[in-house]
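Both of the next two complexes hold chain A, though its partner changes from chain B to chain C.
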Partner chain A sequence: MTAATAPAAAPRAWRVPWPAGPARLLRIELRRSPMPWMLPLLAVLFWLSAYRMAMNNPPFWNIRSATLQANAMLVFAPLLAGACAWAGSRDGRRGLTDLVGVTAAPRWAAQLATWAAATIWAEALYLAGVAVLYGVTAHQGAWGGPLWWPVAVGVAMIAASCAFGFAAGLLLASRFTAPLAALLVFLALAGGAFAIQDNVRYARIWPLSVQGPFPTNSYGIFYPYLPDLAIAQVMFLAGLTAAALGATGLPAAAGGRWLRAAAAAVTVAGLAAAGTAVGLAGTARVEAHGIVIPALHDAASDRPVPYTPVCSRSAVPVCLQPAYRSYLPAVTAALGPVLGPLAGLPGAPARVTQVAVTSVQSAQSNGIGFGGPVISGRPPVLYLPLSGLSLPGEGNVSVAQFTSGLRQQYGPSIVNELVGLPPDEAVGADVASTDAVPDARHAAQIAVARALDQIMDLTEVGGGSPARSGAGGAAGSGAPLLARQEAAASHRFSALPAAGRHAWLATHLAALRAGRITLSEIP
Partner chain B sequence: MTAADVGRPAGQAPASRRAAGPKLAGLRLARLHAASRHVLTCLVVLAACAVALRIALHWLPRSGVYARQIPLTIEAGAAAVIGVTTGSPFGEPERATGRWLPWLRLAASVVLTGIAVGTLAAGAAAAHLAGGAAGLARDVAGFTGIALLTAAVLGGGLAWIGPMAYLAVTLPALTENWTTPWIWPARPPHDRGAAICAALVFAGGVAVITVRGARDRARE
Partner chain C sequence: MNVEVAGVTRRFGRTQAVAGVDLEAGPGVLGLLGPNGAGKTSLLRMLATVIPPSSGTLRLLGRDPRGYARRKEIRRRLGYLPQNLGYYPGFTVAEFVEYFALLKEMPPAWIPGAVTAAIERTGLADQARAKLRTLSGGMLRRAGIAQAIVNDPDLLLLDEPTAGLDPEQRVAFRALLRDLGERATVVVSTHLVEDVGAACGQVALMDAGRIVFHGTPAELTARADGTDAAGDAPLERGYSAVLAAARAGAGARS
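Let's look at the complex of A and B:
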């Protein structure tokens, strides 16, 4: 047979139907990928950094999902970038670039199959980890349902780190590419976290930021999880993925002119998406229930989640959101010694109801301040936010530490509010601290408040405020006269029998609150 | 052989070259060994790491997790690059004929580690590095030991996996204040147990890489 008589088409046995082509290519790449060898290591790191950390915290969906986004990604992304750089540089390292460049399939398609195979392995491991962690969380009886947006950010982050590493390995095939890709991703994540900590506005786009400065247990309970920031992060990461993968199709060897034009378009679109997401993150603002990005915000997320509270049968009933059901005894035990002596007084809380955070205030170093408890309504109800507090089982916090901490943090505020001192501005901040030396108008209120603090053993926090602790020291010879009188009145009042104190408060609390009681009138 | 050597019996070197003797040959051998391992690229990367450390220290706080985390990342990167240089492009032929190979591997790993410590210390000289130069030397040595051990097990090209995975383990240890000396970066610089662990890992890595070399991968 001569060349002239050779058949134009390839022998039938060699032909593969087109629809089977990409799937077959992907199947081959799934077998060739180095990622399966990385899976045991990644599984150990997932257990160490995400699963173990999650299990060290109480079973709240918000806490558990945050570890899947922040902790898991901190260890996954760099190693995946390195492994994918290794996979991407495979042909270059083995000197096969020219050989595979003349195959029938466009190089870009084959390269994308290599990236897809590595990414599929990594995503499979991550999703398996998510399934285990969420399964255990559900088994532990967490209230509500799993949060999927942090998982979506994790999935997008894995794809982006694989794409970055793969593009780096493909475009710079060297033995140093893989470690440098891993190092760069590590540095980028650490640098991003540092920028978040430094309150850089656009840094919130970084995928380690779950809900900006909000502690992980402070969102997604009373109101739905706000996905605004997560949407921007997914958009950012998808854009970076597209840009990196598009860049691999730009070299002349990647394919024909149309294919390279398509790759260029994908790159530009990816960069545009990433840039838009960064811009959107710049418009984010901290609101009571999470991070809000106006352009992405859905008003439906502002509707509270319906629930039936769980209540204690104590003298002053304590009602909590059912997610906090297991903490009901601890909260009741913490507030009982504060509310018990005040029960029946005019304006004293007849019930305690846990509420969502109603006001937040951004602080330095990615910090946030939450509004404290408020007494209002008729009959008076103590509205108590627990968000942001370290709950029992969170890290090394014990039930006794939680009980003591809650009493010390909120007890003085409750007393302050009862005696008519101006309301607190932040949790644990004693308003009396604004008056370093008591003035005549508030002196009686401060004296009574200090006495009640002392009786209820609330001196740890209250004692830290200049007004309350200052008078004790101010009772010395060099102290102002008013401070000495106030300390003496406080001492007298705390020395009264409980029944006498309660009776006096029942009679005079309204006048005390109105500032019509003087220090000398305190028994 | 050049044209000038035509007619001269094989194996008979010119007098000048004979005079230079084994010293010149040794230097040439060391240079060729370094070139085959891309040591020059490694030195460039180490210098870049020192610059990155200097820039990072300018912005970082003087204490806290970030003051440790970012310098540690750079130190791990430097160690990973040293590990990658252990890979041989020649494989079995070099292993079979290279009589001086173990000494060359020993010298390369120790000298590169010293250079890494020196360049990073120079990068941190004018700034505050949490842990100081002693902590830096301990951490770089430990990371390098892990990289060398990984190279012996997985091959030079994959030596970066060890220090990077160890770094990933270190990050939760920094925030949770682990006390085990085997996570030496999370320990204070004067912790004797941590220093001993890092030194043991470095010594083990150097010994293994000297005796066995990085694992050859047939297809690379």
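Let's look at the complex of A and C:
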């Protein structure tokens, strides 16, 4: 039979059962993806950027999860974008475009299998890292449970950066596409980080933004982790992923008309989702314990997390949130020298209770005010937020440094509270900015407070109290008369025997607090 | 007819690669001969549905490839080996062939057997688990042939399939071509006249984008009779004679 005379062969009807075909395709792609070659490098970078950083912080779930979202992503995302761009440009680089272009399966489906394989490897490594970090955190006895929303943002970020890189590699196949994609993603992340710092309204959507400008010992411990921002971020990243993958299905070679229409719809839907998420982020507001997006907010998340505090057996019991259990001895040791001499005085704290760090967004960007210690209630309770302090184990902070820092930062404030000086709003405030002119209305209170500071060895930073620093700084021979009198009263009072001081304070503290004691009445 | 080509042209910018080709082919092996730049690869790429014609009509396996659904049906029954075979260096031979079997939408249950058969037919059974990056040029070519025949195609298009094969493999490959041509339409583009003589029932000779001869190898050989055409073998002399006549403006066609 010759080629000119034979009839056309009868068509064979092949039907591919779902999902056997795609599953086998994915299996091959998984086996031959270039991503496993990247895994050692990614593992090292994860250790450097996330694990090591997390271990330099206390075992709080919120801190550990924040490193998984922000630190890890800063190094993961650009590398994965580059690696996936390399995978995406594979057919173009290898001269396989013709060969794979004339196969029956929609090109888009095969390309998605390649992307999926690369992404699965990257996600597997990331989740393995999460498992290790969370496992170690649990082993360290962290209170509460792991936070999964930051992990979800990380997972979505990996998928998005890989999709972006893959689309870039596919649509602009070149050996330079991979490094360019990595560089672009890095610049985008860095630019986003700067925008977050500048408090650009919509920048919170950027996945490096964890929970707003909050101290990490606030959210997720005293109050539930607010997932509002994370939900918007996942929505944004999922939208970008869909848009990028949809774009790979738009070229004529990707498939038939209906398939390309579906790809276009996926692209549009992805862009719409990402745009909606950005819009939602624009409505976010910083509240006391997290970022609230009204459309996504669940009011139930505003209720404090119930817990049974852990308390010391000291004369003045110190009670902490159980997440801080390991710091109880240090906090008790730090406050003992301050609270001991004051014990039994009217208005002196009978107990110390740790409270959440409260923070309120001011009109200025990132203007967050952290509340200091407050004495209130009957019997009086010292409500103590452990804000602005590095905990032992955080970086190179030792227990001794923590104890000293806590006493010197909060001691003067506690004394202030007791003697009725205006609340020390500036724990750690810039002393140089305070008014150096002594205040006659509070002269006696300042003198007594200064004396107590000296007795309790709080003088190092005792000047943290604006009023006391002003008077003390002006007590030299050339100082105003009031300042000299105030200093003299302070010296007199500090020279008293402890029992005498305590007895005088027990009798006169109420009057001192009310401003009815003059400098000359101080013994 | 598995291949029906009528008045097909293809331009690349100002270059006319294919200038009005008419061709019909049913089951059997058709050799596509011609000098460099004659338009063989462009014609083969159109037959493989890689590129559409600029003008003219094309029907493959009884279908018009312009519609996506029809094109997809054609592609399921098509085998194609491009002139410059790209490959995934990290894939093994078996994975490479299986990968294309999957892309050709073969039923998964058939794939293991089909992959095995294709690899054995191309003499690569011992290298089935070898990574492609470790293979010689000739072995890579055979892996390319294996992926082309894995779906037992009704239309097999091979562009320079014997390039890089050693003599023993070329002999075996010609036998494979004859075997495949028993049922399918096989179009082989080549420079090697002896391949055509040994394996092809029909031969088409292209020059300057046109088919200047279409007939049997014996008819091509006969064209040299009475001429002083150059060539070591009778078929080569026929080839030279037809080309010379075509270039002299005779427009020789069978």
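We adopt the following convention: the second predicted complex is superposed on the first by the 475 of 523 C-alpha atoms of A that agree within 3 Å, B and C clash if a C-alpha of one lies under 4 Å from a C-alpha of the other, contacts with A are read in each partner's own complex, and residues count from 1 in each chain.
Quick note on the criterion: a residue touches a chain if its C-beta (ideal position, glycine included) is under 8 Å from a C-beta of that chain, and two chains touch if they have at least 3 such contacts.
Model, not experiment: these values are computed from the prediction.
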| item | value |
| --- | --- |
| Partner chain(s) touched by A:L48 [first = chain B, second = chain C, both, neither] | first |
| Touch count on chain A, higher of chain B and chain C | C |
| Which of chain B and chain C A:A193 touches, first, second, both or neither | first |
| Partner chain(s) touched by A:I28 [first = chain B, second = chain C, both, neither] | second |
| Chain B versus chain C as contact partner of A:A499, first or second or both or neither | neither |
| Which superposed partner A:G256 touches (first chain B, second chain C, both, neither) | second |
| First (chain B), second (chain C), both or neither touched by A:A299 | neither |
| Chain B versus chain C as contact partner of A:V100, first or second or both or neither | second |
| Touching partner for A:D91 - first (chain B), second (chain C), both, neither | second |
| Which superposed partner A:G82 touches (first chain B, second chain C, both, neither) | first |
| Footprint overlap on chain A, where chain B in one structure and chain C in the other make contact | 94 |
| Residues of chain A that touch chain C when the two form their complex | 1-9, 11-12, 14-17, 20-21, 24-25, 28, 31-32, 34, 90-91, 94-105, 110, 255-257 |
| Contact footprint of chain A on chain C as seen in their complex | 1-2, 24-30, 45, 48-50, 61-62, 68-69, 72-73, 75-78, 80, 82, 84-91, 95, 98-100, 102-108, 111, 147, 154, 183-185, 201-202, 216 |
| Chain B to chain A touching residues, read off their complex | 38, 41-42, 45, 52, 56, 59-60, 66, 69-70, 73-74, 76-77, 80-81, 83-84, 87, 156-161, 164-165, 167-169, 171-172, 219-220 |
| Complex interface listing, chain A residues touching chain B | 38, 41, 45, 48-49, 52-53, 71, 74-75, 78-79, 82, 86, 93-94, 174-176, 178-180, 182-183, 186-187, 190-191, 193-194, 197 |
